[in-house]
Amino acid sequence: MIALAALLGQATPTDTSTKIPVPQVDWLSVGPEVALIGVAMLLVLIAALNRGRRDLSGVYLDVGLAGVAAAGLCTWKLWTVVVHSGDAYQSLTGMVAVDGFSVFARTVILAATALGLLVAQGYLRREQVEGPEYHALLLLSASGMLLMTSANDLIVVFLALEILSIALYVLAAFDRNRLESGEAGLKYFVLGAFSSAVLLYGVALVYGATGTTSLTGIANYLASNTLFSSGLLLAGAALILVGLGFKVAAVPFHMWTPDVYQGSPSPVTGFMAAGAKAAGFAALLRVFVSGFGAYSVDWRPLVLVLAIASLLLGSIVALVQQDVKRMLAYSSISHAGYVLIGVQADTKGGVSSALFYLLTYTFMVIGTFAVVTIVGRKGDRRHSLDDYRGLGSRAPLLAGSMTFLLLAQAGIPLTSGFVAKFNVFAASVDAREYGLTLVGVITTVIAAFFYLRVIVMMYMSDPPEGTAPAGDGLRAFTLDPATGLALGVAVLATVVMGVLPGAFIDFARHATLLF
Amino acid sequence: MDAVRLAWLIPGFPLAGFVILFLGRRYLKEPLAGWIATLMMVGAFVSAVVVFTGLHSLDEEKRQVVLKGVEWIRAGGFSVRFNLLVDPLSITMVLFVTGVGALIHLYSIGYMHGQERFTRFFTYLNMFAFAMLVLVLAANYLLVFLGWEGVGLCSYLLVSFWFERPSAARAGKKAFVANRVGDFGFMLAMFLIFSHLGTLDLLPALSSAPHLARGTATAVALLLYLAAAGKSAQGPLFVWLPDAMEGPTPVSALIHAATMVTAGVYLLVRSHPFLEHGPAAGDVVAWVGAFTALIAATIALVNFDIKRVLAYSTISQLGYMFLAVGVGAYTAAIFHMVTHAFFKALLFLGAGSVMHGTEDNQDMRVMGGLRKFMPLTAITFMVAWLAIAGIVPFAGFWSKDEILAAAWVGGAGVSAHYFLWFVGAVTALLTAFYMTRQVWLVFFSDERWRGRLQHEPHESPKLMTVPLVVLAVLSFVGGAINLPVEGLKNLTEWLHAAVPVKPLEAHSFGQGFLLSTVAVILGGIGILVGIRIYNKGLRNGQDPVLVRLGALGRFFERGWGIDPAIAWFVDKPGRAVAEVLAQPVDQGIIDGAVNGVAALVTGVGAGVRKIQTGFVRNYALTLLSGATVVLFVFLVRGSL
Amino acid sequence: MAFPYATALLAVPAAGAAVTAAIPGSKEKAVRAVAVGVSLVTLALSAALLVDFDKGVAGYQFVQSKMWIRPLGIHYLMGVDGISLFMVVLTGLLFPIALLASTHVSKRVNAYFALMLVLEAALMGIFLSIDLFLFFVFWEVMLVPMYFLIGTWGYDRRIYAAVKFFIYTAAGSALLLLGILSLAILHAKAPGAHLTFDLRTLMEWKGLNPNTARWLFLAFGASFAIKVPLFPLHTWLPDAHVEAPTAGSVLLAGLLLKLGAYGFLRFSLTLFPQASVDFAPLLLTLATIGILYGAVVAAMQRDLKKVVAYSSVAHLGFVVLGTFALTTIGIEGGLFTMVSHGLTTGALFLLVGILYDRRHTRQIDAFGGVWKSAPKLGGIFLAVTFASIGLPGLSGFVGEFLSLIGTFVVHRPYAIVAATGVILAAVYMLWSFQRVFTGEPTGDNATFKDMSRLELATVLPLLGFSLFLGIYPKPLLERVEPSVKALISHVESRTDYHQPKVADLGPKAVASSSKEGGR
Amino acid sequence: MNVPGAWYLTVAALMFCIGAIGLLVRRNALVMFMCVELMLNAVNLTFVTFARMLDDIGGQVFVFFTLVVAAAEVVIGLALIVSIFRRRQGATADDISLLRG
Amino acid sequence: MEWAVFVVFAVAALAGAGGVVLSRKPVHSALSLVLTLFSVAVFFVLQGAHFLAAVQVIVYAGAVVILFLFVIMLLGIDQDDVLDEPLAGQRPLAVIVGVALFAGLLLVAGILTPTGAPASRGSATQGDVANVERIARSLFTDFLWPFEITSALLVIAVVGAIVLARQSGPGRPLDEEEHVGAGSDEGPAALLEQES
């Protein structure tokens, strides 16, 4: 803020000439975003130069991964900077927050991006989709997510949201061979645009209420002034909550989720579930906990209701689904509920537990969708529960990974899912929200039921007649090494964070301390 | 003292026999197994005699010896050791248990000849003897209970020895379950004793019984009586005993006549301080005993199964013993127990011998005039008959006389004791009558078996008749152990160390003599009437008494309808309740609730799922509605 | 440094599971050999633990402590005391038997045995954990192998049973998790305290609001009550027991049901003494209902395995009864019953499994006269039956008697009603025996194959231990007693409750009290 | 003289709501997009009005960004519609509801 | 004067908005939209946002609406929209919710009075600097970062449009069997229901 004031002081009164003082750019603070956008453009360039002459799909993947790695390096560097400076700060005239929180959230998103690229590789090969557009869009979307995590201004939040969303609309509609894909894209788009408009209106109202869109500005204004009427601010906050709630698929703004998750290409769904949710929650946390922190008395009950609704609806409706992707969509709604429990606690513990949850969920869900991608086979169509029948004997490793990941999603100990839920509940109990925690633990039981349905199909129901017995697994399912790698990493991360979560929890806590 | 220590050997011998026979069951076959078992019983008997002499040589005050064994259970102040209590009461029991037991073992070698599971039979028998001896020698209620349940187990195993016969299997189970009802009382009695006295050891518990509140003492006594009623077939619980005749006859003789069924009497005599301290219990015991005696006698009157008649007779005689216990004539009860053991074992063995000789026939309608074919059996059987009928000077006379006299005097404050005496006297008359009926139907009258049996009846082998003779002698002279003459009341004096209760006696010699005379006359009448009626055997296969009695007779024949009553009032409703609990309640309501919750959740899911119409405008509507609601909630809350 | 028994008991089966899983399923013999070998090693370890155990000590022995998840204050904290010792030994004993009895398993053999060993590790973990979080981890993990064992290798309705089992118990665990969390966090908020899940620290904390304690007791209790299972939360049990493969049923009955009772003892009583005292009547009532209800319903079952399953409901009722009598005798009786039930019901399930193997049915009507064609089977079945219905001289009696008498001294009505269960047990067990084994065998029952050596080797040890403990229960009771006494005195020190002292029960006390009454 | 900002804001709110209602009632995807545009314009008007009322240039700058976003959205949205409805002539947004439940 | 202009264009804007929603033909909706957009541009001018007014006209009227018209023509200009409502209650509910939202914003929230601090980033109207320059200054200083990242948005728009507009590879028709059952478990009936 001081820097900002100084800048303003320099800029406005005297200098009426055309010279505009360019603000100092702290490149490192936006390094990850820049890296991803840059690589995305590079990919488009490569494609343009190559013009489909050679199969460069491997190169695209490598370039994309390199971009993620570069972004990761920047993030790591940022971490050391934040830790060394010991305090959070803002760069680029207060538009970008540089703090532990953004570093952690970026880590989550970069992990999702890397895994998303890897999972997609097998899918793209199988569906014979050439060209780097997929990679480019994915990276651009990821850059939007990164922007969201570090956004310290509502306008940046809005733009980042649009960047990540618009790319996802396209990705959702990417599979032109399936009508569902197009439908998913269109539905996502219509509702996304609608919710963005609502969010934007909310931003406008908050702007009117506080005279600024900077989150720190809002927080300072609210902390130092008593509004004679809080209606405008609360209306704005409510509409922002709607817009972000839409992105994280919280009930009642969740309606798009099942359709879009089911219709989108499976790798996209995985990426969407992990990344978009993480980004949405990062923004939600930053806007509400830090921006509207002074009004937490008002928004906490609302988030409580959203959390309960998400937990219950997500898990209950998932029970009756026959399509695994759709079931996972509902499960993602209930997962959003768990993260909301952490948000609702409105404490450092709550925020860190939400962050940790997002980290674990990223690996779980992308791993799960990696399996879904493989089982979907050519055409990406075999997603009904029946398609999993006898998977345990046809492809033991695949089924084993799926089982493990589903158990992790169900929150069975020694998986990251358990530790994540444990943290979230701990935060909630710490905030004395026993009722909410109770709903949370009960829904874990309901949720266990539908995860078990898949497991039952894989192991306990006999394979459908006519399919070859064990040993034929490799021919039935094409396992791309990249997808396999992603699956392996996801499982490994889920194990590690389940068995030795201490370091990760510390990371999340540390991230929250510098928030 | 050292001789007393040999008491360990008493249960030790049969236990050893059990272990040897069980482990060596592949190699030990007929008849070796039988001999081993018998030998063990003889060993036990000999040790018992040695212990008896040892104990006898002690001063009367020191005649209660506790032999310390290892600890069995100890938990939080509750402690039970495997201690043996050697005192006149237990040794008296031990003597006749081992003595009669040895004879029956011997008899069984002959009786079980050719049986498929010969070795197993003797294994069970030895196990039974062991358990029975533990029961009587135990110095602790819990240890008594160990033996108590042990004999129940053996009873189960032996009754359903021929488990291929469904009736035998059923009878075994019935016996065990009826006993369990009693065990329930036993356990509660122990709980009460422990919770009030802090110990289950017999001597300390009994000596401190007078400190108990009257109500508690009565409760303990009644609960113990419930246990005894189960084991000794009293009251409605007697129903198992007639069915238990499905077992091999030596088993009936040993377990269901001489030893196990008397355990209840032993238990009450042993626990007499509770009875004395809770006199209301004595009333119950005496009254139920008297009426059980009467009812069982009436049923025996009209039954045609040679063993069942004896079973009902046993119930009846046990009723006498309980009558004695109820009026406080403990010695009389024990006395009758001993003599009863002699003559009832004899009767059963005799019946077994008859069956052995008549192709396992049990129906008295298919007998008659057998004395010519099995004279020894007939003679010994008749000795027992006179003993049970209470004819001077047979053993039964003395003991029964003592009980009736005690009832007349009415000790322990029992109410309406003259009436009790009257019931007892009527029962005595009936006893004499039905036993005469049995003797005449079996050994005298016409030979109704002709044409119905393949072979002519024959006398049993020596192995079986020798025990008969021995028992006949005992039945004849057994009364000598406690003659109602000062100085000859050996048993009373002997038992005094364990049952230090003043024996009840007639107020004067004249009164006593009169009572005895009445008893003998009643017995005589019963016998004479019986002979008169049954000398001609049956009339066209019909029992004249049964015909004369008409509806009453059929009522008797059906065992006073107690079995059907239990079936109607306990079994049927119990089964109905169980059916209701098992299906409608458990599966329907409880499990239904569980599945119902699941179905409800799924149903809600299916319902909510319909909201997801697939139309994007509809989704937008939900979103906008949500937004509006959020807005309103937010604002309304914010303005509050 | 003492031998790390806890870790060894956990690691050996876990490592064995990994090895077993790694062997190809086609090498069936190797899989079996490795699995059985591993379980035998574990048995040897638990036997060594039994020998090494210092029987005079009330507290935990062989404690191992290591920070696990630092930010949450969670320790890898394991140890054994008198209460858990025999659960560990029972686990060690039942697994080799269950594995040996798994002869009929033919599909995915390696997975089966690996899951069994995972289950063993999890159970060891449950019994050895002193840290609540660690306990919960094992508690939940245990569900997974059991779920697969039932669901994959079970009988016709296995999936329904497996899912029901999982969901039902998971529902309980959910509340348990909530309880553990709330307790630890409330404790952490107390001045001078930090976040910890160490049972020993938490049980010494006196700052818990009594009302909160009651709620927490209910949260813990719900989970344990489902596991026990207490009426009316028992309906998962018959389904799971019946549909599970034989070895699974053995373990379910032998060990998994004990978890609930163990939980009550280990956590409910220690952490919430006052609430335990307050809620004791409720639990005693449910336990008593369970005893009668289990027996009555068992009597009406047509499926032999269901008879045994419902009998477990009744038996575990005695355990809970003894536990919530809150007397040393009662609790020791409860613990004893746990071990005894593990032996006898385990054996019963093995025997029912044998019957099923021969005839592929468990319907009681289908059998009859089997004793004649298979005398060993009949004899052993009968012996086990008597052990199960509490015949003195066999282990069942000691436990039942102690729990009942321990209850009687403080809560007479419950003990009296519960004692009728003794009658009912005889009814249903002997009735079943009668229908299956007695009579003249016909048809397939006439050619019934008697028990093989292997089958004898699985059942006889159980029967042997049952007999041994029935005659000489001292080795168990004397090791259990110090811990139980410490537990009771912990409860007494925190509540107004005092168990009646047996020393006060003697004749003199009676005399003086009657005098007082007279005044 | 000057029209108070409140009037502009009211008009903007009304436009926003009309746009929202339009999106909910029209079945044609194109018209639905137009309604979104209406809503965005309402927001723009709100921003500009607040900018004037608070005398802050920031509000006007936001509108600039909104315009960019709107343009990008339209491009993608129309491309989506074209790509879908090229295959299904004369369809409305409702006709693509394979995914539901 | 300003009042008169405001009233006229307010009516026009709302009429245009109504036209968008109520017109039978998409073309008419698009033309109504132009009316509204133009009115909003006038409001911008009235409130001193001259630069935005210009951009509004150029971008919206010049580009966006044209694009709409292109697409309408591509998909068939002469088609009347189906105006009947298959969803029971959708329309009344939509209106109710819309009105409720409006009422909520205006009455309960009272959005008409800003509560913020004035001029945190420089004045919008004061001083003698032109509106364009004010925006430019703000855009390249305070809002430099958002301005830069809009580039990503545009790249996405371009790439996305290419991806979506590319002719679908095989261009094969969908067999019924393929997509039925994937989404719903209600079978082919569900699909037929929508198409009829």
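A, B, C, D and E are the chain letters, set down in written order, and residue numbers restart from 1 in every chain.
Note that a contact is a pair of C-beta atoms (placed from the backbone, for glycine too) under 8 Å apart; a residue touches a chain by one contact, two chains touch by 3 or more.
On a predicted model such as this, the values are computed, not experimentally measured, just so you know.
Shared contact partners of chain C and chain D, listed by label, are A, B. Path length between chain B and chain C in the chain contact graph, taken as the least number of steps between touching chains: 1. Contact with both chain A and chain E is made by B, D. Here the two chains linked by the largest count of contacting C-beta pairs are D-E.
Chain C has the Cα centre that lies closest to the mean of all protein Cα atoms in view. Note on chain placement: the centre of chain D and the centre of chain E lie 2 Å apart, centres being C-alpha means.
The distance from the centre of chain A to the centre of chain C, with each centre set as the mean of the Cα atoms, comes to 44 Å.
Distance from the chain C centre to the chain E centre is 67 Å, each centre being the mean of its Cα atoms. Each chain gets one centre point, the mean of its Cα atoms, and the points for chain A and chain B are 79 Å apart. Along chain E, residues 86, 90, 93-94, 97-98, 101, 104-105, 108-109, 111, 113-114, 116-122, 142-143, 146, 150, 153, 156-157, 160, 164, 168, 179, 182-185, 194 each make contact with two or more other chains. Counting partners per residue, chain C has 167 as the residues that reach two or more other chains.
Of all residues in chain D, those touching 2 or more other chains are 16, 19-20, 23-27, 32-33, 50, 53-54, 56, 58-59, 61, 65, 69, 72, 76, 80-81, 83, 87, 93-94, 97-101, listed in ascending order.
Of all possible chain pairs, those that touch are A-B, A-C, A-D, A-E, B-C, B-D, B-E, D-E.
Residues 68-72, 108, 133, 136-138, 140-141, 143-144, 147-148, 151-152, 158-159, 162-163, 166-167, 170-171, 174-175, 177-178, 181-182, 185, 189 of chain C are the ones that touch chain A when the two sit in their complex. On the chain E side of its complex with chain B, the touching residues are 86-87, 90, 93-94, 97-98, 100-101, 104-105, 108-109, 183-184, 194.
If you check the complex, the residues on chain B that touch chain D are 609-610, 612-617, 620-621, 624. The residues of chain D lying in touch with chain E in their complex are 1-3, 5-11, 13-22, 24-28, 30-31, 33-35, 37-38, 41, 44-45, 48-61, 63-65, 67-72, 74-76, 78-83, 85-87, 89-90, 92, 94-95, 97-101. Residues of chain B that touch chain A in their complex: 598, 601-602, 604-606, 608-609, 611-612, 614, 616, 618-620, 622-627, 629-631, 633-635, 637-639.
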